Amino acid sequence: MKSIAVLFHSGFGHTTNVAQAVVDGIGAVADVTSSLVEIDADGELSEEQWAELDAAAAIVFGSPTYMGMASWQFKKVADASSKRWFTQEWKNKLAAGFTNSATMNGDKHSTLHYFMTLAMQHSMLWVGSGLMPANSKAATRDDINYVGSFSGLMTTSPSDAGVDEAPPKGDIETAKLFGQRVAEVTRDLFK
Amino acid sequence: MKSIAVLFHSGFGHTTNVAQAVVDGIGAVADVTSSLVEIDADGELSEEQWAELDAAAAIVFGSPTYMGMASWQFKKVADASSKRWFTQEWKNKLAAGFTNSATMNGDKHSTLHYFMTLAMQHSMLWVGSGLMPANSKAATRDDINYVGSFSGLMTTSPSDAGVDEAPPKGDIETAKLFGQRVAEVTRDLFK
Amino acid sequence: MKSIAVLFHSGFGHTTNVAQAVVDGIGAVADVTSSLVEIDADGELSEEQWAELDAAAAIVFGSPTYMGMASWQFKKVADASSKRWFTQEWKNKLAAGFTNSATMNGDKHSTLHYFMTLAMQHSMLWVGSGLMPANSKAATRDDINYVGSFSGLMTTSPSDAGVDEAPPKGDIETAKLFGQRVAEVTRDLFK
Amino acid sequence: MKSIAVLFHSGFGHTTNVAQAVVDGIGAVADVTSSLVEIDADGELSEEQWAELDAAAAIVFGSPTYMGMASWQFKKVADASSKRWFTQEWKNKLAAGFTNSATMNGDKHSTLHYFMTLAMQHSMLWVGSGLMPANSKAATRDDINYVGSFSGLMTTSPSDAGVDEAPPKGDIETAKLFGQRVAEVTRDLFK
């Protein structure tokens, strides 16, 4: 059984909703397990959480996009991962990423490409969303990948939406399919 | 009178619509003129068009986002601009950029950041959209900056929408405000 | 036997040197073959070349960095690959990338991240250099990964160096190790 | 008299050396003043420091590149700047940026482009290095802009170099010219 660690920070809970949906999607795939590794408000992880990352076959990075980039709490963990970088301990793990913000675009690409840069420094492999976008005239906000990302998963939660109402169901369904995609690649990688 | 050159390529006409709206927005500002400098289907400009760029106080770069980046025709002009780069002929001109694609996100950030990279190689100054996004629950597709970009202008035209119906009016209005922003900064810069 | 296609454009021959070294590195790995798929000066590939890409288990993208991005010839092929994108024909292939330019930094990161964006649109997996940088006081220009890239391979050829003298031997050795890295991951992927 | 605030974080002191050289370069330009606004080890600024940023005509962002991006301490300040973002308080200020890391490339472009993204969210204008690179065969490590950046200033300090010996003198001279460039544009902008 291969394990996938979903390493994420959430400021207000919307990103937690996405992380949970990703885990739900992973759950649909046999021979793969998953766990939520949540970064706290001070940007810290416990030793047990670091151990979960070390043991995982794949790590999914998740964070809100704040001011055009992953939150400082996520970055604090990324900086602390330099210890693993020196020894290239995460080499050949699979990596993927997701981000949530209030604005449709809102520089979410910037956060996902940072996750890719981080993964490459760790010599991990990167897998994206694997999903085509909904971009015709008939497309609606509830469609799969309406937000329209390839490098990873992007979800959009309106600035005044509570954690019980955002991101919308289409984005949550997209998150599940993204989790499934990551799980399938994890399962089949270096088999 | 300072002049602004809108240097753009359009594959099917949607980006032309945006370029025209940018020019309309520039037209609302006194003491600034503008011109459309359209790149042809072979990625070429005439000598007269190059001269317009050389004479302009500001150059606005525009292109569809195809496969995650400006079109090859735009890039051909960028490559040909290396002649100006060697002599830093465009140093201290203002630069800005816009892009249109079918998908809400669709890696449009990638195109705008390339435009920024190009501008920086030419030692130009960069100005973004200067527009806050429409990102509340009440926001609609017709609002100003609903697509939600800061680094420049992003518009979204559905994949099956004709040039007479896309991008939608909210994006066109956003393009006008973007043109106005660029014109105001051009007028007041290095006064 | 899995095959790796090295899809590249070279303006003056320096990038061809790198492509050849990547192929040499691939040659050191058993159970993997490779081929050079060179884009011509008009940005065109023959039908046979497209077929080689379609048949490959992995595609390595290579281009000089001109004005902060892959050459327009490379971009023309990327744009033409939209036909494969619609059908997601390259889904689950491995992707990697390299770039050469005259300047140590010179926005080479921009080219590699574009290659990553392109690969993600095709739902490919991405593998980087897997190489630690030479960055101590004792490091020399001839060391492995002195240019210092993770997301892919970067080489630097002085602006006035002929194709028989650049990139320098350290970069060529780095290119071989990069080729070997890509070959090993290709061999072991989805085994 | 226009003022320029150099907002920076330094982990070990090398980035402080660069910040000081930038300030020295600013000092060579008449009618412009400058101040160092250093972010502390907890990612905090005092109220007086925030007031300095608010009062400045230009803000220069500076940070080491750690794990492919600005340090978490810098990001914490960027996140806290969302209060200014809501009111667009920094609109039309000039922005520029610099970064230092151990590796020649080492994803420093990623940090500078994040600084650009941040500046664009604040509706600031961006100015780059304005310096051509030293990239011929005769170029040496002590030349101006040998590291070779356009979007902002990049310096490289070997991983085992003390703060009294790095970055090398060529990079320090480049930092002074960069400071001078930012000062000249600040002085002449919106005159």
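Letters A, B, C and D mark the chains in the order given here, with residues in each chain numbered from 1 onward.
Operating definition for what follows: a contact is a pair of C-beta atoms (placed from the backbone, for glycine too) under 8 Å apart; a residue touches a chain by one contact, two chains touch by 3 or more.
Only a predicted model underlies this, so the values are computations on that prediction, with no experimental measurement involved.
Enquirer: In this assembly, which chains make contact with chain A and also with chain B?
Expert: Both-contact set = C, D.
Enquirer: If you line up contacts by residue number, which pair in C-D, A-C or B-D shares over half of them with A-B? Let me know.
Expert: Answer for the repeat of A-B: C-D.
Enquirer: Need the CA-centroid distance for the pair chain A / chain C, whole Å please.
Expert: Roughly 27 Å, centre to centre.
Enquirer: Measuring from the mean C-alpha position of chain C to the mean C-alpha position of chain D, what distance in angstrom results?
Expert: Computed from C-alpha means, the inter-chain centre distance equals 32 Å.
Enquirer: Of all the residues in chain A, which ones touch at least 2 other chains?
Expert: Chain A, residues with two or more chain partners: 68, 107, 110, 113, 117, 120-121, 150-151.
Enquirer: State the interface residues of chain A toward chain D in the complex, per the touch definition above.
Expert: Residues in contact with chain D: 43, 66-73, 75-76, 78-79, 81-82, 85, 107, 110, 113-114, 117-118, 120-121.
Enquirer: Mind pulling up the chain D residues that touch chain C in the complex?
Expert: 68, 102-110, 133, 135-137, 139, 146-151, 154, 156, 158-161
Enquirer: So in the complex, which bits of chain D are touching chain B?
Expert: Within the complex, chain D touches chain B at residues 88, 91-92, 113, 116-117, 119-121, 123, 125-130, 132, 150-152, 185, 188-191.
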